[in-house]
Amino acid sequence: MHRENNADHGRFKRQGFPEAVYAPGKPAKTVISICRKLAVSEGPVIVTRAERALFGSVKRAFPKAVYFERAKIVLVKAMKKKAISSGYVCVITAGTTDVPVAEEAAVTAEALGAKVRRIYDVGVAGVHRLLEHKDAISAAKCVVVCAGMEGALGSVVGGMAACPVIGVPTSVGYGVSFGGVSALLSMLNSCAANVSVVNIDDGFGAGVIASLILKGSKR
Amino acid sequence: MHRENNADHGRFKRQGFPEAVYAPGKPAKTVISICRKLAVSEGPVIVTRAERALFGSVKRAFPKAVYFERAKIVLVKAMKKKAISSGYVCVITAGTTDVPVAEEAAVTAEALGAKVRRIYDVGVAGVHRLLEHKDAISAAKCVVVCAGMEGALGSVVGGMAACPVIGVPTSVGYGVSFGGVSALLSMLNSCAANVSVVNIDDGFGAGVIASLILKGSKR
Amino acid sequence: MHRENNADHGRFKRQGFPEAVYAPGKPAKTVISICRKLAVSEGPVIVTRAERALFGSVKRAFPKAVYFERAKIVLVKAMKKKAISSGYVCVITAGTTDVPVAEEAAVTAEALGAKVRRIYDVGVAGVHRLLEHKDAISAAKCVVVCAGMEGALGSVVGGMAACPVIGVPTSVGYGVSFGGVSALLSMLNSCAANVSVVNIDDGFGAGVIASLILKGSKR
Amino acid sequence: MHRENNADHGRFKRQGFPEAVYAPGKPAKTVISICRKLAVSEGPVIVTRAERALFGSVKRAFPKAVYFERAKIVLVKAMKKKAISSGYVCVITAGTTDVPVAEEAAVTAEALGAKVRRIYDVGVAGVHRLLEHKDAISAAKCVVVCAGMEGALGSVVGGMAACPVIGVPTSVGYGVSFGGVSALLSMLNSCAANVSVVNIDDGFGAGVIASLILKGSKR
Amino acid sequence: MHRENNADHGRFKRQGFPEAVYAPGKPAKTVISICRKLAVSEGPVIVTRAERALFGSVKRAFPKAVYFERAKIVLVKAMKKKAISSGYVCVITAGTTDVPVAEEAAVTAEALGAKVRRIYDVGVAGVHRLLEHKDAISAAKCVVVCAGMEGALGSVVGGMAACPVIGVPTSVGYGVSFGGVSALLSMLNSCAANVSVVNIDDGFGAGVIASLILKGSKR
Amino acid sequence: MHRENNADHGRFKRQGFPEAVYAPGKPAKTVISICRKLAVSEGPVIVTRAERALFGSVKRAFPKAVYFERAKIVLVKAMKKKAISSGYVCVITAGTTDVPVAEEAAVTAEALGAKVRRIYDVGVAGVHRLLEHKDAISAAKCVVVCAGMEGALGSVVGGMAACPVIGVPTSVGYGVSFGGVSALLSMLNSCAANVSVVNIDDGFGAGVIASLILKGSKR
Amino acid sequence: MHRENNADHGRFKRQGFPEAVYAPGKPAKTVISICRKLAVSEGPVIVTRAERALFGSVKRAFPKAVYFERAKIVLVKAMKKKAISSGYVCVITAGTTDVPVAEEAAVTAEALGAKVRRIYDVGVAGVHRLLEHKDAISAAKCVVVCAGMEGALGSVVGGMAACPVIGVPTSVGYGVSFGGVSALLSMLNSCAANVSVVNIDDGFGAGVIASLILKGSKR
Amino acid sequence: MHRENNADHGRFKRQGFPEAVYAPGKPAKTVISICRKLAVSEGPVIVTRAERALFGSVKRAFPKAVYFERAKIVLVKAMKKKAISSGYVCVITAGTTDVPVAEEAAVTAEALGAKVRRIYDVGVAGVHRLLEHKDAISAAKCVVVCAGMEGALGSVVGGMAACPVIGVPTSVGYGVSFGGVSALLSMLNSCAANVSVVNIDDGFGAGVIASLILKGSKR
């Protein structure tokens, strides 16, 4: 018989971050079975886009599992925590509806040992709200910007930071926001050269990259 | 025989702005012949996207014609100038390469009797450059924002102005700027509610609308 | 702890129009809490895309709140009404299914002190219906055109008005209407130079801009 | 050896219209050789999108060939002319730059025996220009509408005609006209039910269909 | 108060076909009220995309109303039937799932007095099935082709008919059929010059055009 | 120093077909240097999309090089020819302008030892031309179909063949052919299940796959 | 009356594979009636995308019918099994969520007499998992690669196989995976020349082509 | 008079990298004048996409300017070099035609003080070429991957590296590569979570980000 579940449990050792279990469309049984395989590694075991009901099932199999409601993350098994850097990641959102994506990034980064500073609801239509946080942004080791609609926040923050900025376009908006595509295009076209971009709503990816930057950084 | 040139010479009287002659693809002879028809109106006669060579030909037919090099506009016949308002339009660009589009807007608005204040090269990657002009923007009766790439300037200015803001996406950029489409989408998705948008590089349209707003405004 | 709700309550003072509360996806509790913050301002407090059920909840918190069913707007707190201009905005639709978007625009403009004249169901496939309203259109200070499908109404009205025309493409249609994108493209390509465009179904934005034009206008 | 030129010389007999020779990219030699094959049929032989230089070459091989400059058509061999109907086709354009496409349609229809009435430069931004031709449009057996930019003319004419209307979107415009795609979408979404559409700039197709409608019509 | 329902009851007299009532999103009350207005005309009154439940309501108001289940059409009021031509329209489908769209076209054409011949499920992957109907196609006055997926049937039928062919792309398919867009593009690109195209799933439009062609045709 | 040219000379041995040298944008010097590396393998060395001028240069370095003008292929070094199968590939085109792509496929397949049968200019608008070749198609081991515009030929041939059919969409067409995208979508949506597709104009890929199918086939 | 169900029961004889019954949107009655027609052929009768409930109904009509749960295939009638080749097809997936599509391909190929070897969950983010299967891939007669998201597996496998590779993009992913379009584009652009592609999620097509390749192959 | 050139000379101090001068479309005079403004900063002055002719002009104004031919970069003024880290950036390409973009990234990073290791022409169609460099990739502090066509290299490298990977899609390819869009989508959809992406051909941006990562890293 063929083996179908090949979860890459060596990823944490090889790369410093684990394979995540993307929950949508997977039955609880499958999620748990993949978690078991991944748990042999010393890295954290993370389930993303998990509804509360799924957490219930996972919790029975892994009693130490913790649920982050807004991030929709189940942290099945934590890393032996030690901060990977004395620096921090700034996670910023344009509006309140971008927060779930931001939390996915923040909780992921924290699970991988990063310190996170959250600055939420500071969209550019009232740019004074953002400028209040100038010092926190300048001193960050990495910034994650989550914004939907026109995604302009990426460029404005990009022009303030002295570190890599990771843009996470979100699917917030309507009409020609095209489910996040407009924000994505904005961030890719950013006139600030230090901005790179991940897939729409991909808070997990942003959190992983932020943690890698902090891990490699001067203490 | 059929009549092919039906230039709408009544437009200025009916609507307060003239039909423009869009030069690309029209032989000088045709341009001049259309200008002749339009000149019966009391409004200005404007040729847009005109190369210098075309201006030479037009000048021979209309000795008072004036050429605006960066705007690529030939003002074939001016209005009897009287300022239509004591207020002014702000025309703003993100970069220096957006200037030709901005000049098309500014020269058009001026030809229609508006006062114009230009603020160029104040892109959001260095947002302090824009904030220096806060008072000029707050006091404007209308703002025209010309930006390519990610077009984020539209939203930031939109959040500063107390009047209608007209976004003109420009075809400046490369890769996924898609010839101005990304900037267009940004401006349409703007989180600032006072921003409306015209076609890519359509400085003429923006200039017309700005002049109509000023014309209707309190002196 | 981080603060997540940064509602921009200074917007009315700074810009002459308030931040709207976009209801979809926000729990009643959140909507009410944002409304509380915004209510410190002297401007109106407006909730858009609100279902009747939400109105029920809001009404308990703000007994003076009023619901505009077709506009799906809750006017939580009205401005101390004084007409901002002796002129009026024309709000026009191509069909009856475009009316909800038109009402969002009209109610918004009225909440901001503008007089509104509604002309509905005058699509171009029977252009005589539109021509009957020629005088009302000619005398308007601003026109808002709401149309889906091919959005041709924008250009025809654009050629009749002597003021700025704001096109609101609606998501009415099927097949290659692409949820409003075809109407949007039509309006952006309009051969009438006085037409600018807002996002698909964005009645609120059109209402804000119309009120700003009237506010700035000669009495 | 394989035979590469399989020109469908039976098409006129089978279908009432001939295969056209689309000139771009074909050497004069090839064009002439295909024309030779097609000339065995009793239908006309038509070369489309032909530059004047190509006409020179074709003329040497077919001394009776005639060139229609604006239509860019070489009529290599005419039909034995007899009018196919006492009715006529109206060919209408929005602007002067749409005329070459309109001429391709008109000359094609004429080559196939139809009477044609041309109404050019009657775009909807000045709808009075179109309304002057109301009677001519009402009495037509078929109408061909050529328009670029937003293509709104299709719907307005569609609402006036009592016969099938064939929309030919043209590649006239800039920015989001997308080389004719916006006009195409407008015409496909037309709120007038009697409008069908052919490919961008496809005057030949429109001319063929118009001639078929006239041919089948009551005398 | 403003009047919102402007149903164009003069359309049948002016153009030979009525305004249809597109049912989706309209309450029964509205549908009935529009039907009342349209019923003053001598043309048929047609409701499209109507579910059976809506028919129930309409039937109570118009006891003579008839429901065509597969076409989803309610014929509220019939024309005083007299065949408009001795010729017929061929309505052809590629598969069985295209039949509802074909029936919308066929029933519409019949309601407008045309004779219809149906040829269903003759897709090109087994082209012999289509060729069996060669004579019926050759003798038609107009052909309507309904096809989804790759829409190739349009071109093959286009090469067989001696009359105008109206392509109706359907939303049948999955993956890159993009809800009918691929079939639409195929039909617009058809190598057969006698094919024009209407919007995706627009059986009503095709039926109207077919009836106009037959009406104008020699008896 | 870093080594930049890593031509995969083991590909023929490993996979049965060589890496091709895609000429556009590469100076003659680079092409020749890559050919030298590839020539160590026992497979053929093929340069695609080569202009005649480039062939001149290559010929000086490899005196046995042969140029296939219509295919734009330089066969720098031939395989020790032995037919890989007693069967043959059919290469079919819709029109004459698709022939260069077809020749790229045919010459590639021949260079890899396949027998090829060419059937050109048999587009579906005159389907009788195709049906004449029914027996040749039925007996083929593999069919390559090259078509632009609506690409309908793929489905019709797909319904006739008893073997895999490889669709090669070509960039032939104008307007909504979108440089081959419409043909590509048609072929991917083919209602014939035995059709798979390669990139637009990718004759080389089709030739390689055809040769692999023949090579694996029963003699 | 017209006949609507024209199931192509001669396809197996003519082409070596049957018409499949695509279940979505067809009532059980229709599915069974089409199966009856197809059952006269000696080929297998296959229903694709079938839910378990449909299987219940089919089973009552065809007691020998078998259901393949993950493939969502009902094999209504099997072929008289005899292996068509001593070789095998490799069916490979990038992730576990691609398995249903892979099973549609595998079960189809098996129903048509092919031997299948499954290699699942070997995505390129851990390329060592794929390299373990190098020998199985090298020895295959045909490879089917099912992958969503970025579809990179197609190219990597394409570079390892010595036979045709059929890419099946799957709709697995989110954000800019665009329901499989990104994977499709990747596979069409593959730098490995032996990769051709079928529609998104079209496991059936891939299974048919794979079986045709094996059937034609040396034993 | 208005001031048009607002070059952001404070960017290096504020953010650690300079504003670049993007040469296309700017006259030499403008380029030089902007360089003069930027030269007051202590950072390097970099002109990108510069043709050799432009270098000639710049060299006269800045005799120490250096030209990097393949990168098309003029380094007008170097930083006082000191390596910013003992680690290095890996810059990797799929093919030889991706090298100019890679060089833009590499030269930019070097100008900002980073050590760079180049690994070119290691595309995934021969994955063994990439695997030879496994150790170099594992030990990098940052990896930049430049690839066109299907961009699959991003995911494969992403699965090997223990640091952030920056994908630079290149415009290399034809047909459905859509000028780099396919590669862009692949990289954004990457199944490796450590990959973020910049605009098509944006080597400069990738170089800046890589240098920021190294600068922040442990020595």
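Note that the chains are named A, B, C, D, E, F, G and H in the order they appear, and that numbering of residues resets to 1 at the start of each chain.
In the analysis below, a residue touches a chain if its C-beta (ideal position, glycine included) is under 8 Å from a C-beta of that chain, and two chains touch if they have at least 3 such contacts.
In this text the structure is predicted, and so the values were computed from the model without any measurement.
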| item | value |
| --- | --- |
| Common touching chains of chain G and chain C | A, E |
| Repeat of interface A-C, chosen from E-F, B-C or B-D - more than half of residue-number contact pairs shared | B-D |
| Label of the chain whose CA centroid is most distant from the centroid of chain D | A |
| CA centroid of chain B to CA centroid of chain H, Å | 36 |
| Overlap residues in chain E, where contacts from two or more other chains coincide | 11, 125-126, 159-160, 175-177, 181, 184, 188-189, 199 |
| Touching pairs among all chains present in the structure | A-B, A-C, A-G, A-H, B-C, B-D, B-H, C-D, C-E, D-E, D-F, E-F, E-G, F-G, F-H, G-H |
| Touch list for chain A against partner chain B, complex | 94-95, 123-127, 131, 149-152, 154-156, 158-160, 173, 175-178, 181-183, 185-192 |
| Residues of chain F touching chain D in the complex | 96-97, 99, 118-122, 125-126, 129, 174-177 |
| Residues of chain A defined as touching chain H within the complex | 11, 14-17, 20, 87, 138, 141, 159-164, 166, 184, 188-189, 193-199, 204-206, 208-209, 212-213, 216-219 |
| Chain B-facing residues of chain H, complex | 2-8, 10-11, 19, 24-26, 30, 171, 179-181, 184, 199-202 |
